[in-house]
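Okay, handing you the structure first.
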Amino acid sequence: MKIAVIMGSDSDFPVVEKGLKILKEFNVQADVRVLSAHRTPFKAIEFANNAEDMGYDLIIGAAGKAAHLPGVLAGVSVLPVIGLPIKSSTMDGLDSLLSIVQMPKGIPVATVAINGAENAALLAIQILSVKHEELREKLKQYRVEMAKQVEEKDQAVIELAKNVGCE
Amino acid sequence: MKIAVIMGSDSDFPVVEKGLKILKEFNVQADVRVLSAHRTPFKAIEFANNAEDMGYDLIIGAAGKAAHLPGVLAGVSVLPVIGLPIKSSTMDGLDSLLSIVQMPKGIPVATVAINGAENAALLAIQILSVKHEELREKLKQYRVEMAKQVEEKDQAVIELAKNVGCE
Amino acid sequence: MKIAVIMGSDSDFPVVEKGLKILKEFNVQADVRVLSAHRTPFKAIEFANNAEDMGYDLIIGAAGKAAHLPGVLAGVSVLPVIGLPIKSSTMDGLDSLLSIVQMPKGIPVATVAINGAENAALLAIQILSVKHEELREKLKQYRVEMAKQVEEKDQAVIELAKNVGCE
Amino acid sequence: MKIAVIMGSDSDFPVVEKGLKILKEFNVQADVRVLSAHRTPFKAIEFANNAEDMGYDLIIGAAGKAAHLPGVLAGVSVLPVIGLPIKSSTMDGLDSLLSIVQMPKGIPVATVAINGAENAALLAIQILSVKHEELREKLKQYRVEMAKQVEEKDQAVIELAKNVGCE
Amino acid sequence: MKIAVIMGSDSDFPVVEKGLKILKEFNVQADVRVLSAHRTPFKAIEFANNAEDMGYDLIIGAAGKAAHLPGVLAGVSVLPVIGLPIKSSTMDGLDSLLSIVQMPKGIPVATVAINGAENAALLAIQILSVKHEELREKLKQYRVEMAKQVEEKDQAVIELAKNVGCE
Amino acid sequence: MKIAVIMGSDSDFPVVEKGLKILKEFNVQADVRVLSAHRTPFKAIEFANNAEDMGYDLIIGAAGKAAHLPGVLAGVSVLPVIGLPIKSSTMDGLDSLLSIVQMPKGIPVATVAINGAENAALLAIQILSVKHEELREKLKQYRVEMAKQVEEKDQAVIELAKNVGCE
Amino acid sequence: MKIAVIMGSDSDFPVVEKGLKILKEFNVQADVRVLSAHRTPFKAIEFANNAEDMGYDLIIGAAGKAAHLPGVLAGVSVLPVIGLPIKSSTMDGLDSLLSIVQMPKGIPVATVAINGAENAALLAIQILSVKHEELREKLKQYRVEMAKQVEEKDQAVIELAKNVGCE
Amino acid sequence: MKIAVIMGSDSDFPVVEKGLKILKEFNVQADVRVLSAHRTPFKAIEFANNAEDMGYDLIIGAAGKAAHLPGVLAGVSVLPVIGLPIKSSTMDGLDSLLSIVQMPKGIPVATVAINGAENAALLAIQILSVKHEELREKLKQYRVEMAKQVEEKDQAVIELAKNVGCE
């Protein structure tokens, strides 16, 4: 059980990293690569073409602007491809979102929120959990923890609100 | 191996139907339901809460406008949820796309293109293929067919172009 | 006479706080909670389901990104629900605005401006004033004060303009 | 118990009419008027200024393009004002939505979906129900009916899906 | 010959000020006011209603968000109204631009660029120059100066380019 | 007293025509031309350069897509230039609106609503009325007529509403 | 001297055809192909990889939605690639425009207007004319013809305007 | 072999400069100028009109907001014109992108990404390489270097990922 996390540029790493930490937390092996659909197209395509044979179960593709990387990987490999749109310095991420999500009939990319690296990781884990039941149990535990944190914040905000005079 | 295809309104059916045909073609059992996150919230939530126990491997949620359905299902079930944004009479589908894809940290929805029902189905099949290898083989065959069709269209367009005088 | 102010994340508090101050000013009791439509869906739904019995007259729901919270609360409770879209780090608040305002037929959410917490509070007060006439009188007084402030700023700007040489 | 439904142009009537039917269904008296913020500004303002004295509990304002009407009414009256953005021939309703919802601090407009006349009516009823408990009971009944319709459509779609071969 | 410069909020002053300087430079008398279409509607309308009698030749209205001010002034006065959309903290000025420019048939507002206070002033001067020929001559001189500045910058950039190695 | 109405393409005529009728109604002489900023740039520029000498008081420029025409005319002539954005087959008029309104510092274009030809004409009349008082009187009469029409529609809608059962 | 016109789908042909007619008119040999970046990625890449050796001087790539084709071709070939965004059934062409034009540093695509097939062809001819002077002469002649047509339309519109009463 | 790089304002220089460095690297002579379509229209047009005679092979036009410059140059000269949209303080560059790319039939502008100065330069080089084969060889070498850098970043990111615990 392992996945590939491909980004189009090393400048995407600070965003992607947040997802890597979650994969680590779930003990999902993630191989991280910088492969550009435009600057190293043959490497990107070769990777996608071999991904299944290399034992990957799915691919996360992160890219900004005209974010072709996830779509290009998805066109070559039949593995599920998760697309992570990265916000760049113009257009507030709308360009990468539309470039990734609006795939033509036949080749889907499973798109998550702009800069939503944690969700790309969690979606990967959900997909793997179709096969690996232990991940599903961990996901349930993760959600219990997440709910607990919300509850703690609920308590904290109730206190904060008292300071404003709301009780 | 079966999936649930939930739509927020029966008016979504003509779009969703295109995906159902693909699921049928791949012999993936799909239970189709109309469950509204807003008009029948308890039924929607109850469904999501029981989906795993009912034997579903994943859920496709289709919805238009403030398309909360996929996100609501995803918040309740740990199964992978695919979000299919439906174009309604205003905003050209941008409202449903953003409502579905911009999920907060912790609860991903695997979003496909606006009205991209075929891709929602194909993504479901790709996810199932992580466990069911026979689907992966069928997917490869499907892509071969798809490529053949493109090649036939390539030939057809070459002929059409001759009529314009391009040779 | 009391209202519930629910936010999807404690990070929404600095925006929401501005509205709480106005509620305080009008002596409207406001219970403030963090309840996530996605991370604590059952708590959120349970709250909405009991809100009327708990004596709430209306609910303010604040959320960012795919801001499902107000719509989910509105689907469960028949109390009026005010939706407050919060601007997050991408899409300039357009995602939360569309996710909140574009509700389907049958379940309205009374949406205010992006980050418009003061207006969410004032709208709540206006709604309560349908029953509680004393609030209407206070609202009129509030507007008189507001107009006075505009008039003071009018005077101040006339002075500022003189510095530019406009008289 | 009565409300005012003001539209900026008679061309808005076909949309607004859907809301009037719901108000009729709930036996809420609705006085319907065409008053333009730009073409008959004094009439519009006079109306808003007298609305409370005339016995109105709230105002629905419907307008397209640079849809100033609801905001202008809200600036003059302290009654709750519901804004209904109407889609016109350009900009897909985004112009009227932003013109109505993005009100400045101090003067809220309770905005519903573009062309969402039914929801404007239902929101009005919810607001009135803060005072009039019988409306709240009717709202609950309305939602039960609405849920029933969804359930019938659920059944119908299950049948439709069988035709595609999904069972 | 005098004009009125009305802004919806004193927070618009730093933008508006750039236009005032140009009006000063052209010796056009400009009375500057803060009048809110929503917070001081009667004052705003009264001003517009008396503007012609007070001797104003035209009105500049500056406003942000749901920028109704210029349209409201234009609905009351037959004087030409120039609309200056102010960028606020969300939506990048698109909300105020659409609220100002998309006026309904019958009541135009002469809209300039977002935050384009200088151009609002220059447009005012151009309009006044229809009557006052001396302003037209000054405008021509202003453009000559402006062209000279561009030419100086042209020279400066040629030098800067040499540093990059372009000659 | 005469104005020039320049359009970038004869396909703009059906929209522009609605403004010409208003100009005719006000007895404002309007010379109508097709001059393209891109296909006949020298003619367009020559026209703008001579417009003042030819006795024009102002120019209306209508254009779609990358609607440069009004800005180009405004860069050459110091006459007031009104920009009329025309909706073309893509982008819902947003492209022409932004291309016309977002003029740089120094050269304003007085922009009206997308396809708002009547308002371009009325704005032209308002500008001319700065010099020609008789136009201002006609404008007031025009507004009285317009208000009367709204009042008739008000009556008509009150009747329509009765049919729905609202009285 | 020959060029390749590649489209992602045969459904793009009716738009592309308008450009082919212009290429024919200029006697530029154009080979027309359907090659999908997603459905036949290897064929697309192989074509781009061999394009220079096959004697092509440049490539036009036409595509809709997540229009990756031009960018993918540009990443493989050093020939100039012209990108032609095709409007599909949602998002009014904005998705394909952003997907094509927002290319990352290093790999440009020369983008033309949405559905602007004629301009893609004319740009191709302009690029070829850098080497082939006879094309530049033809371009000048083409522009003379185009200007003549505008002048004829100018005359036609002057007549049309007379019917409205503008003279 | 030389090109002209024209910008509408000297404030565009910091963006444009990045492209100049690439032109320098390829030994392409670039004459850099500030010529405004609006503030120095005759100079801009004169330049475009003489550009071919002055020996330029193509023109790069950079501009922000209502970025008419590239289109105006393209309307006058038959040389290929590359349009570089500059992001200004509002609208995130969308205004300049649409103003540049949405050119009408007949006059194309080869548009690159918002602030994509490097790509404007590389596209210029690609266009010149149609005639000058040595540039094509340099372009291939440039891409080899670029690919090498991606590979180095690939290695660097693999190391970074190890720190997160991904191996």
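First chain written, first letter: the chains are A, B, C, D, E, F, G and H, and each begins at residue 1.
Everything that follows uses one rule, which is that contacts are C-beta pairs under 8 Å (C-beta built on N, C-alpha and C of every residue); 3 or more make two chains touch, one makes a residue touch a chain.
Predicted model only: the values in this text are computed from it and were never measured.
Overlaying chain B onto chain H using CA atoms gives a rotation of 180 degrees, to the nearest 5. Of all chains, the one whose CA centroid is most distant from that of chain A is F.
Taking the options B-C, E-F or F-G in turn, the interface that duplicates D-E in more than half of its contact pairs by residue number is B-C. Distance from the chain C centre to the chain H centre is 46 Å, each centre being the mean of its Cα atoms.
Rounded to whole angstrom units, the spacing between the C-alpha centres of chain A and chain B is 19.
The distance from the centre of chain A to the centre of chain G, with each centre set as the mean of the Cα atoms, comes to 35 Å. The multi-chain contact residues of chain B, meaning those touching 2 or more other chains, are 9, 36, 39, 65-66, 90-92, 94, 101-104, 106-107, 113-114, 143, 146. Listed by chain label, the pairs that touch are A-B, A-C, A-G, A-H, B-C, B-D, B-G, C-D, C-E, D-E, D-F, E-F, E-H, F-G, F-H, G-H. Those residues of chain A that touch chain C in the complex are listed here as 87, 92-94, 113-115, 143, 146-147, 150-151, 153-154, 156-158, 160-161, 164-167. Against chain G, the residues of chain A that register as touching in their complex are 8-9, 36-39, 41-42, 45, 64-66, 68, 71-72, 74-76, 90-91, 94-96, 98-104, 106-107.
Put simply, chain F touches chain E in their complex at residues 52, 57-58, 78-80, 82, 97, 101-114, 116, 118-120, 122-123, 126-131, 136, 139-140, 143, 146. The touching residues of chain C, when paired with chain A in their complex, are 5, 7, 9-10, 13, 17, 20-21, 23-24, 29-36, 39-40, 43, 65-66, 89-92.
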